[in-house]
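Order of writing sets the labels: A, B and C. Residues in every chain begin at 1.
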Amino acid sequence: MNFFLEVLVGGLLSGIMYALVALGFVLIYKASGVFNFAQGAMVYLAALSVVGVMEWGAPLWLAVILAFAIMTLFGIATEKLVLRKLVNQPPIALFMATIGLAFFIEGLAPMIFGSEPRALDLGIVDEPIPWILDNWNMVISKFDLVAAGVGALLVGTLALFFQYTRIGRALRAVADDHQAALSIGIPLQHIWAIVWGVAGFVALVAGMMWGARNGVQFALTFTALKALPVLILGGFTSVPGAIVGGLIIGASEKLAEIYIPPVMQDLFGGNFGGIEGWFPYVLALLFLLVRPEGLFGEKHIDRV
Amino acid sequence: MSKKIGDVILDLQNISLRFGGVKALTDISFNVREHEIRAIIGPNGAGKSSMLNVINGVYHPQEGKIFWRGKERKRMEPHMAAQQNIARTFQNIALFKGMSVLDNIMTGRMTKMKANFIEHALWFGRAKSEELAHRRKVEEVIDFLEIQHIRKTPVGRLPYGLQKRVELGRALAAEPSMLLLDEPMAGMNVEEKQDMCRFILDVNDQFGTTIVLIEHDMGVVMDISDRVVVLDYGKKIGDGEPEEVKNNEEVIKAYLGAGH
Amino acid sequence: MLYREAGQFKTTYAADQQLFPIRQDRIGLLLLLAVAFVGVPVLASEYWFSAILIPFLIFSLAALGLNILTGYAGQLSLGTAAFMAVGAYAAYNFQLRVEGIPILVSFICAGLTAAAVGILFGLPSLRIKGFYLAVATLAAQFFIVWCLTKFPWLSNHSSSGVISAQDIVIMGFNFDTPVSKYLLVLAIVSVMALAAKNLVRSSTGRAWMAVRDMDVAASVIGIKLMPTKLLAFAVSSFYCGVAGALYAFCYLGSVEPDGFSLDMSFKILFMIIIGGVGSILGCFLGAAFILLLPIFLDFTLPGVAELFGLPFSNATVSHIQILIFGALIMFFLIVEPHGLARLWQIAKEKLRLWPFPH
């Protein structure tokens, strides 16, 4: 039982990390209707920027600020040079363009900052929390807990930002109806630039967390890809959906990884590890068959 | 006019349709007779397009019965309408933008083609002969609508009026017994409207096709339709021949606004 | 002057509906085939066959498969490589386990197996569209590759799922030289490309395009969405499956599941974006472009680097490659969404008028 809880909590905590990445997708999708496949690559770029700048001798805080500047500039450039030129194209063309963008980033980032895997030290150690280990006999990572806290803080801040600031209101208006927002004088392109900036910031936070946990390396983009099933579960337009979806994916993939292979081994023989690699996607696929709009997404009625 | 209006072929009884909490149609009954031109009019948002969507199975009403040629119709899917020989056009042109005019109209004959994909891939058996036979039929439609010159043009490149005409062509290619037209003349200039009227009347006259039509241009409606049904806020407020409807108190009120 | 249709009057619908209505196109195609079947085998070197021509043809076939699904039926898939893997492993297992089965029958069965798997993963397309579907196809990508690695039976208990393709023997002739493999692949690809061309000009193809362009209208005119979409998945996966079998049997000889990676799926997607979404010709142009670009860069980049005195490592070259792929995708989507095939078409239209300005 303890072991089960340990796996579950570990899964939930890493689920928050997925949610962090998914959040970036949701922001851009809500504001501009673009499904940004490159969000994962942006996480990679952000993490690489931090370690890269630190290698040039900058302290962590400066590296973070510079990385944030890089992400913002990059986001704005993407919006101006690529997405704006595709405004009237079907959504699927925009989606494919962001796949191109992902490749572009995955080529560019290591050219500038180097491609060898590196550690990112944020001063938080990935070790069990002694108090929980003593009292409950469960291994819960200190790092995971901090990451979860950061995730919660970020979500809270974003929620406040959206709810109470002028820009936040404008963002929501744009998300609701581009034309209507334009007609009451909301500068769409500024808004989009801001959204890409914010998404860049979210990618930075996610990149630092993931980078510190697993090392800054190319595999980061695959981890980030898992935000996609999270989105399907949660619905593309919902911030709470991204969180809940992240938790479900995180917990279920860890549980599946622990509990399914032994059963399979009994049935077929051989080694069936690595279920984590596909489980979120298959779960999302099955979920799509039941509830295509996601847990929190809006149901879409086709008008003829 | 020498045409003979026949029996009731479509009978809608007490139709109600809701989207969540929004009532699109409330307790609407009316019928359509064979060979007639039946107009549905009403202000924006009155539920006219929803009515057409109910008739051809895109929407499923929560209440009410539909009788098609005397038999009660169970829940049906859109593609079954085509099998029952009901064709339609859409308010916002729903052509296949990436295909040529010819191919668009050819799709109208899809239900009549029997060859399977293996025959298509190998281009043997029925595939070739069928293609040619249907091409001949489609060319008749193209001649009828006078669009020979744009046969091979991708529809995305055509002006609005011509696109509307191609859409009518796609519907006609199915040789429908009933044709649903959703604002066929919206956004057209006078000349284009006259052409379209002529085509509609010709279709009705030459092929005996029953036509259900939504239109905002009252002049056109009163001129070409045999009977008119008037909707407002999802309810029926008038039904009858054009003259009758024109003098109906409630209809006048709906069009001029309440309180007059 | 040479390329024009003036004087070629069509007097029957049959003449108007043929595959290549313009005479020059027919002659051009026949010439091309003659060169491919006769000229190339005489002239090309072994390196050309095994490093360029064979993979080019195989990837063109896979791109055809993806283009049928994405370009014609409008269903985006990111799992192309996984369906190729199904084909490769199915062909291997048919050869291994069915006594005396002719290799071509194995290839067809491989395609059919891939088609069955394709239908399975195409089921969600009945309820979802666009990028939702794209994510669902990622499930196919990861799940299939995992299965091939983990179920030892599928690779006849070899370590980490590596399989070595059996010999290709047809009517006693062993296709063991690069030239003979090239000719076999060329024949299969030619036939399948012709079949694809036939499919997309018939009512099957029109149904796919109708669903792609506007599915509600398509269903109203009587197209059943479910069979139409699933057929697209099946045919597309069939093509990918055969491509996968050829990839294992005629190109690499031995393959492992991880070779059919997400990266490969993307590569094939890029082929159709650059070549031309919804164009048969585009599949070939795109495959050639994507395969030749890295070779071209390998040759030129070190020289360029030397010119500017930059230290270029191999890693940098591969990064530049990825970067250029990404940039090209964005460039084509912005500037010419219909890809190289459209540029070719425009060139032909220009040629029709040449040398007169109008």
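Note that in this section a residue touches a chain if its C-beta (ideal position, glycine included) is under 8 Å from a C-beta of that chain, and two chains touch if they have at least 3 such contacts.
Please read these numbers as outputs of a predicted model, since none were measured by experiment.
Asker: Listed by label, which chains are in contact with chain A and with chain B?
Answerer: Per touch definition, common to chain A and chain B: C.
Asker: Just to be sure I understand: the centre of a chain is the mean of its C-alpha atoms, right? Then which chain's centre is nearest the mean of all of them?
Answerer: Chain C is the most central one.
Asker: Taking each chain's centre as the mean of its CA atoms, which one is farthest from the centre of chain A?
Answerer: Taking each chain's C-alpha mean as its centre, the farthest from chain A is B.
Asker: Just the number, please: Cα centre separation of chain A and chain B in whole Å.
Answerer: Taking the mean C-alpha position of each chain, the two centres sit 47 Å apart.
Asker: Report the inter-centroid distance (CA atoms only) between chain B and chain C in whole Å.
Answerer: For chain B versus chain C, the centre distance works out to 41 Å.
Asker: If you average the Cα atoms of chain A and of chain C to get two centres, how far apart are those centres in Å?
Answerer: From the centre of chain A to the centre of chain C is 32 Å.
Asker: Mark out which residues of chain B touch at least two other chains, giving numbers and ranges.
Answerer: 58, 90, 94
Asker: Spell out, as numbers or ranges, the residues of chain A touching 2 or more other chains.
Answerer: 304
Asker: Would you please write down the residue numbers of chain C that are in contact with two or more other chains?
Answerer: 216-217, 220
Asker: Spell out the residues on chain C that touch chain B in their complex, using ranges where they run on.
Answerer: Within the complex, chain C contacts chain B at residues 13-14, 16-17, 195-196, 198-199, 202-207, 209-210, 212-214, 216-225, 231, 235, 278.
Asker: Where on chain C is chain A touching in the complex?
Answerer: That would be residues 74, 76, 121, 123-124, 127-128, 130-132, 134-136, 138-139, 141-143, 146, 149-152, 216-217, 220, 266, 269, 273, 315-316, 319-330, 333-334, 337 of chain C.
Asker: Write out the stretch or stretches of chain A touching chain C in their complex.
Answerer: 35, 37, 82, 85-86, 89, 91-93, 95-97, 99-108, 110-111, 115, 225, 228-229, 231-232, 268-272, 274-275, 277-278, 281-282, 284-285, 288-289, 292, 302, 304
Asker: Spell out the part of chain B that touches chain C in their complex, as residue ranges.
Answerer: It comes out as residues 56, 58, 77-79, 81-83, 87-88, 90, 94-99, 103, 106-108, 110-111, 113, 115, 117, 120-123, 127-128, 131-132, 135-136, 139, 170-171, 174.
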